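Chain lettering (A, B, C and D) follows the sequence in which the chains are written, and residue indices restart at 1 in each chain.
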Amino acid sequence: MAFVPLTADEQQVMLREVGVDSVADLFVDIPEHVRFPQLDVPPPLTEIEVVRKMAALAARNQHIGQLACFVGAGAYNHYIPSVVGHMMGRSEFYTSYTPYQPEMSQGTLQSMFEFQSLIADLFEMDVANSAVYDGPAALAEAVLMALRITRRDRVVLAGSVHPEYRAVVSSYLDGRGVELATSEVELRDSGLEERPIVDLLDDRTACCVVQQPDFFGNIADLGAIAERCREVGALLVYVVAEAISLGLLKTPGAWGADIAVGEGQSLGVSLSFGGPWVGLMACKQEHLRQLPGRIVGATTDQQARRGFVLTLQAREQHIRREKATSNICTSQTLLALGVTVYLSTLGPEGLRQAAALSHKKARAGAERIARLPGYRVLNRGPFFNEFTVLCPTDGAFVRARLLERGIIAGYPLGRDYPGLQNALVLCCTERNTAAEIEQLANGLASCVS
Amino acid sequence: MAFVPLTADEQQVMLREVGVDSVADLFVDIPEHVRFPQLDVPPPLTEIEVVRKMAALAARNQHIGQLACFVGAGAYNHYIPSVVGHMMGRSEFYTSYTPYQPEMSQGTLQSMFEFQSLIADLFEMDVANSAVYDGPAALAEAVLMALRITRRDRVVLAGSVHPEYRAVVSSYLDGRGVELATSEVELRDSGLEERPIVDLLDDRTACCVVQQPDFFGNIADLGAIAERCREVGALLVYVVAEAISLGLLKTPGAWGADIAVGEGQSLGVSLSFGGPWVGLMACKQEHLRQLPGRIVGATTDQQARRGFVLTLQAREQHIRREKATSNICTSQTLLALGVTVYLSTLGPEGLRQAAALSHKKARAGAERIARLPGYRVLNRGPFFNEFTVLCPTDGAFVRARLLERGIIAGYPLGRDYPGLQNALVLCCTERNTAAEIEQLANGLASCVS
Amino acid sequence: MTEPLLSELSRPGRVGQRFASPEQCRGAVDDLPPELLRGELPLPELGELDVVRHFTHLSTMNHSIDAGFYPLGSCTMKYNPKVDEDVARLPGFAQLHPYQPEESVQGALEVMLELQRLLAEITGFAAVTLQPAAGAQAELCGMLLIRAYHRERGDLKRSKVLIPDSAHGTNPATAAMCGYSTISIPTDSHGNVDLGRLKEIADQETVGLMLTNPNTLGLFEQEILEVTETVHRAGGLVYGDGANLNAILGAVKPADLGFDVLHINTHKTFSTPHGGGGPGCGPVAVRDVLEPYLPKPVVARRPSGELYLDWNRPRSIGKLKGFWGHFGMMVRALTYISLQGGSGLREISEAAVLNANYLRARLSGVYDVPYDRICMHEFVASGRSQRQYGVRTLDIAKRLIDFEIHPPTVYFPLIVEEAIMVEPTEAENKDTLDRFADVMLQIAREAEENPEIIHQAPHNRVVGRLDETTAARRPVLRWARVPAQAASAPAY
Amino acid sequence: MTEPLLSELSRPGRVGQRFASPEQCRGAVDDLPPELLRGELPLPELGELDVVRHFTHLSTMNHSIDAGFYPLGSCTMKYNPKVDEDVARLPGFAQLHPYQPEESVQGALEVMLELQRLLAEITGFAAVTLQPAAGAQAELCGMLLIRAYHRERGDLKRSKVLIPDSAHGTNPATAAMCGYSTISIPTDSHGNVDLGRLKEIADQETVGLMLTNPNTLGLFEQEILEVTETVHRAGGLVYGDGANLNAILGAVKPADLGFDVLHINTHKTFSTPHGGGGPGCGPVAVRDVLEPYLPKPVVARRPSGELYLDWNRPRSIGKLKGFWGHFGMMVRALTYISLQGGSGLREISEAAVLNANYLRARLSGVYDVPYDRICMHEFVASGRSQRQYGVRTLDIAKRLIDFEIHPPTVYFPLIVEEAIMVEPTEAENKDTLDRFADVMLQIAREAEENPEIIHQAPHNRVVGRLDETTAARRPVLRWARVPAQAASAPAY
């Protein structure tokens, strides 16, 4: 509706200045027989109509404010403090472009620098970039980075890495002659078990990818894996799909990761049916020049005032073209801003609380469900805020039944792990109430017939 | 939660600077036996909890996005363009104070000046102030103004002025020894009829108050009333409760009003269960110094740059105290900003459309309902976007029945006009669809038993 | 850069929002007699982007709480938690018609009832109305209640309202709006109401006393119980101007001090944003004897539990404003109080008072502080000793602007020469307070050493000091009419 | 004023948001082995107001579309209707978990399906995936599709991607990410792909051609049909970089020009805001032969009418990113297209092209315009004739900043010396265009008369020109660690 502000009079003046008679004359380079085709696109709607249309579509979804949400699996229903949306909603942030002109973009640049700092500290890694598309893309870029750094051609992935992350790595590596080895996950009497990934590492291995907490919620001692990586000269690539866990858990840096990646969604980004979110990426100092994505550095102007600029651009496509570390251009700056606001609002105490409460509620949920006849918790050791449950029947069926009670009952493992058709990964966050956990348990109990 | 930012250490330093031992020492002037009482106020909630609590309360309401809305009666469900909320949501506007320091408040001041200009042009009056509380308060202030200007002691109100407006005038005049006369409204065979207000005017009358469109939706020729006012030396006070009508109708200025007041809610302000809205107030140039409320004027600085200031403050309470034109202090600036954004977004074409479509739909509704057995439209002449319908049964009962169908079926006149127990005032705006009008008609038909 | 007016940005034919195609509107008003229709509609014509840029630019010319310190005495410019705004915008609150059937707005009525209860508890009173639009309208409400009280008791000769000379302008203006005359009560040397004079003046013509406590000097009335007692003995009632309630939440309930009526400015104490000059919301709390007079309707609960609006209030003073008051502000206030809880409310006042005393301690000595005792949430300094260098309080205020600090309230209360009234609020941290104090001290030094820089301030705003005299003498209160070309004739 | 870092604002003990009282957290993690827990958590400690002021200040240091003109060539910085934002924030869209059961997200899947259909119609292709995160990932997606196509046909020797020398850096970078080598095709004197060279080079090793049309000179390839035909004859496919689609909506469907794959940047053409550098959304449209390879899952409709995600796509290239793509951007794009409608889309391109030509006409003569023919939505000028006065394109760019105008894209495309690439977009009005032209002409005059003022620009920003060399040589990429006092040990 009415977005083109030129009035008819103005158009005439402009056409005269250009020296053509009509607007159509500006399109003569288009082959005539395909010029100005019919478009089967409905006529314009007014704003009233478009709001009505879109609200009706939205109303055909049940959103998580209306449901008790017990699904995580790489997408977490943490509380987003109000202030996050208000700051992201400043039009100076969301209607600006990539900060190519630093004097006109210090707001974005400083917030990117702060984001890098926060992520580096959260991960306890030397340096972080200022985001890539999402967690899976961050992992794919990390693997490419490891291949460039080591000049090797084999990649080892833990089978307990999020299936979508593994799928994206596999697409990114397509046709590049890289061997991909994945450790197997099996259901045993004692619970879920993953074959030792260390056995897959050899001197052709560019990197070993592990996720912590893993896709089933487990937290493990990664010391032996890190040790073995060092021995064979492979890089340890560490995935954090649930970034809130870093409020509590030993960090990628502390475990000895060479490259750490993660999904920032947990840290103040709306679920939004899967995106846009924000990929986190950090590494050891020595690998800095292989890190893809935008990087902001501090510097000064002629009056010695501190300012920030995009830096190390010689890594990037617009300078290095086919020799760039990645093709990434538009990234996720606005979401990185959200993460920055989120982390600065929570601070250490808030983040610790979010992590501790998420864990506490998950533990309460797991304990409650473990007592239900027919259900079994498959985690054999400690878990963070997710745990895997074996149901008496098909996981997808259980989900459908619980949706009728207004509950999203976890992620069904059947598609990704054929042996785990009956298993669900359940998740809690600080938002889940004791009453909701009780509803979940009752709903699950009702599925036993 | 956690709004006081002082840390314990900081507090100690500060107490030392002040020279007391504890915070409690700062409260010694309070009589001891009533100092630090118990407060029966629940403990603090976290932001998560408060959002949950308030969202649950909100969910116990059915909002007009969920209902077909056919009630107006001084509160109109017009569409608010998205841009209005975005501009009002700029924190520079909503977190600033009354612009006492013009150099730091040019944003607010210029927008107030623009508001005054828009309202003056909309009403075709010489000058407008920059808002008072709401339409009823604007009317009360206008009546007080007329009493001051004419030094008379009688006020004549049309019975077709919104009942709440009349009630507020009456409270404001309480105990001041002013005589209030109101023309009667009666139900006749030919429809609703109001006794000629001109008959009530005499040379003691300070002002005559009429509303256009009136409370029943009627639009009338006000020529004779204006004429009679001039004859007896009474001021014509003109009320516009539905400001959208000014997109179409002859203006207060054109009818010869001395003071024109109105409610600005129609022009981009959320219904919000009745407030905060914004009272509009304009008058002839000669009465300017009797106008209450903030007024902004244009001026210049020493470099001849244009700027805006609060002006004519000698009318106001903070300068003139008991001699002020009104006690008003905090007013409705943010809502006036909303009106300013709304009118500048619609422009003449948009406002004309809003008015024309509202009228068109109301006419369609009235025609449809007039054909229903048992229903009668009581308006005897032209109406704008409201019309009054006589139902076969109690209006409040009809409303209750239609609510079950998701329809708000007008305003029941019983409380305000005892003879009109069965009547409803119905309203349409540009938002009502043909399908909704059909639902309304079907709903009404179903009440005939 | 200054910004053009909307009228100057207008271009004939530009449209920001349409509701239909011109064709769809054609014929829409054919049935109306042309003599009832308007001619020109001279509104500016702009595109949506024009509108956005215009108001975005204007916004950047404002100072605001979100941008910096705003120690405006008597105004309680504190930070409002952002969640208040989110809650108020929930469609279940923002999109309610005031005349919806009551069964469809039970949640909204519950908000009102709960807020009433909380405010009554916090202030110690029996009942609360939420209807008044702001403090000044609340004062009118309160004085009408007092009038109704006297009238019902047949006590008809009372016509004088006592008001301390330190009072806010709305107090005498309100008394006058009610047709009362006012008597000014002086302030004693400790900054209290002069009790001796009060005792002399209070008599059978006294309607009541309008008292702000803590008063506008930021001081708690040290003989408050005797003050209220004195008025009561004369048969008057005590109206409490609660603009300064932020100082005493959980520290004392005003009802316990002898007040009979108290207004509350939620836009000060309970953190509804000030919007550049409103909206406000002015609940009025009263003792039980005044409850029957409260404005109608009143939210009430049926035995069934259902809430409704009770219009059947024969002794009510009537209506003060349309509908039920500023509901949007009530939602914010309830959100805020729920967040704070009882303990948080007391913390607020404690910190507000500590902050004010800290600044008082840091500034006194360099600036005069006429009543230099422990203050409550604000204090009044004076620029009078800077006057010797030719620098006035107004100059100091303007110089603060150069540091992106909003000046304190100046020249109020009227009883303090060259008054500088500082209210930091509890929301500010020590760094901000220290910076303010440092800047104030620097300005005091500049007054001695370099008064020129103060006289020329502010230096960096979009405009310098403006000519207010000409503005008032030759008022320009609206733009020149927009050329209404495209707009000239109704299109349908 | 520059703004301190969050770390510099931090004070031990300040808290912006808690989720529970410390007591409620106690014991919460007792069951976890300490060796799995972290030690310090050195995050800054701030109150909510500190956070609000910090980011509010930072925001004011940015230029933005809402604040002013932003003619960044190749970026399509157009105004985004505000209603897009409102719609995207509806809880029914913003608060959906990607793994909710499909029966609970039918509206969301409908949004995706409808947007796919509309994009396919607008571009003339058979199928669309919405999964890629932005243009660059869309390029990767498209090239993987092309690889899959060649592979399935057993055509395994193709390894060379042809790319015009005017291409955007992502094109060669993408080809390289796929393990392909690249061959650069020169541009002829009319600004078109050098067709002669293309014919010589295209052969059985050619994977395909990556072509932007209109190209990055803002020019429509005048022999586009022969170009695509040439590649097809060699057995290659033609990848369309659709970054410039804003020029040709409703003017031509790229599929009709011989493209086989086309990516769309919704953050350019379909008006999803750019966010300071993302998020984007990069749908890829393809001919029917490529459809089987699209990333999984694909939204599909069951005979019952129900929508679902189809994972059963054996020939798919797999997944490009997590979940289904940037759904929030899809909602905005659908809203935008619905508002515009078919007729509005064509108006957009017409105005975008007219605006660019108008500016070209106003500037050419004073600035060199190397390929001075009718352009599409943008044109590339050159600052080379200003060089004689010692003024470079970078200086001109910085001088524009003094006028609150964002500089055009500079030094791109690489084939134009001192390039100044101007894309006004359809969203700007004539006043804005004229002001830009006036300022550019003024700067050209200044270059002759007063080059100093240009060299020292910008004058009024929070910082002047920054030392980028030192930034890259001695990179400082994070703050010094926050002192982690209160934060040192886990409290529970």
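We adopt the following convention: contacts are C-beta pairs under 8 Å (C-beta built on N, C-alpha and C of every residue); 3 or more make two chains touch, one makes a residue touch a chain.
What you see is a predicted model; the values in this text were computed from it and never measured.
**Student:** Quick check: more C-beta contact pairs at A-C or at B-C?
**Tutor:** Spelling it out, more C-beta pairs touch across B-C than across the other pair.
**Student:** Express in whole angstrom the distance between the two chain centres, defined as the mean CA positions of subunit B and subunit D.
**Tutor:** The separation of the two C-alpha centroids amounts to 46 Å.
**Student:** Find the geometric centre of each of subunit C and subunit D from their Cα atoms only, then give the gap between the two centres in Å, rounded to an integer.
**Tutor:** The answer is 47 Å.
**Student:** Calculate how many whole Å lie between the centre of subunit B and the centre of subunit C, each centre taken as the average of the chain's C-alpha atoms.
**Tutor:** The computed centroid separation for subunit B versus subunit C comes out at 19 Å.
**Student:** Send over the residues of subunit D in touch with two or more other chains.
**Tutor:** As it turns out, subunit D has residues touching two or more other chains at 11, 14-20, 47-50, 52, 56-57, 60, 66-67, 79, 81-83, 85-86, 427-429.
**Student:** For subunit B, give me the residues that contact two or more of the other chains.
**Tutor:** 1, 3, 5, 10, 47-48, 51, 55, 65, 79, 81-83, 85-86, 89, 91, 430
**Student:** Quick check of your reading of the touch definition: is the inter-chain graph here a line, ring, star, complete or other?
**Tutor:** complete
**Student:** Which of the residues in subunit C come into contact with subunit D in the complex?
**Tutor:** 1, 9, 11, 14, 47-50, 52-53, 56-57, 60, 66-68, 79, 81-82, 404, 427-429, 431
**Student:** Using the touch definition up top, name the residues of subunit A that touch subunit C in the complex.
**Tutor:** The touching residues are 1-3, 5, 7-10, 46-48, 81-83, 85-86, 91.
**Student:** List the residues on subunit D that touch subunit B in their complex, please.
**Tutor:** Where subunit D meets subunit B, its residues are 11-20, 47-50, 52, 56, 81-83, 85-86.
**Student:** Taking the complex as given, what residues does subunit B use to touch subunit A?
**Tutor:** Its residues touching subunit A are 47-48, 51, 55, 65, 79, 81-82, 86, 89, 91, 430-431.
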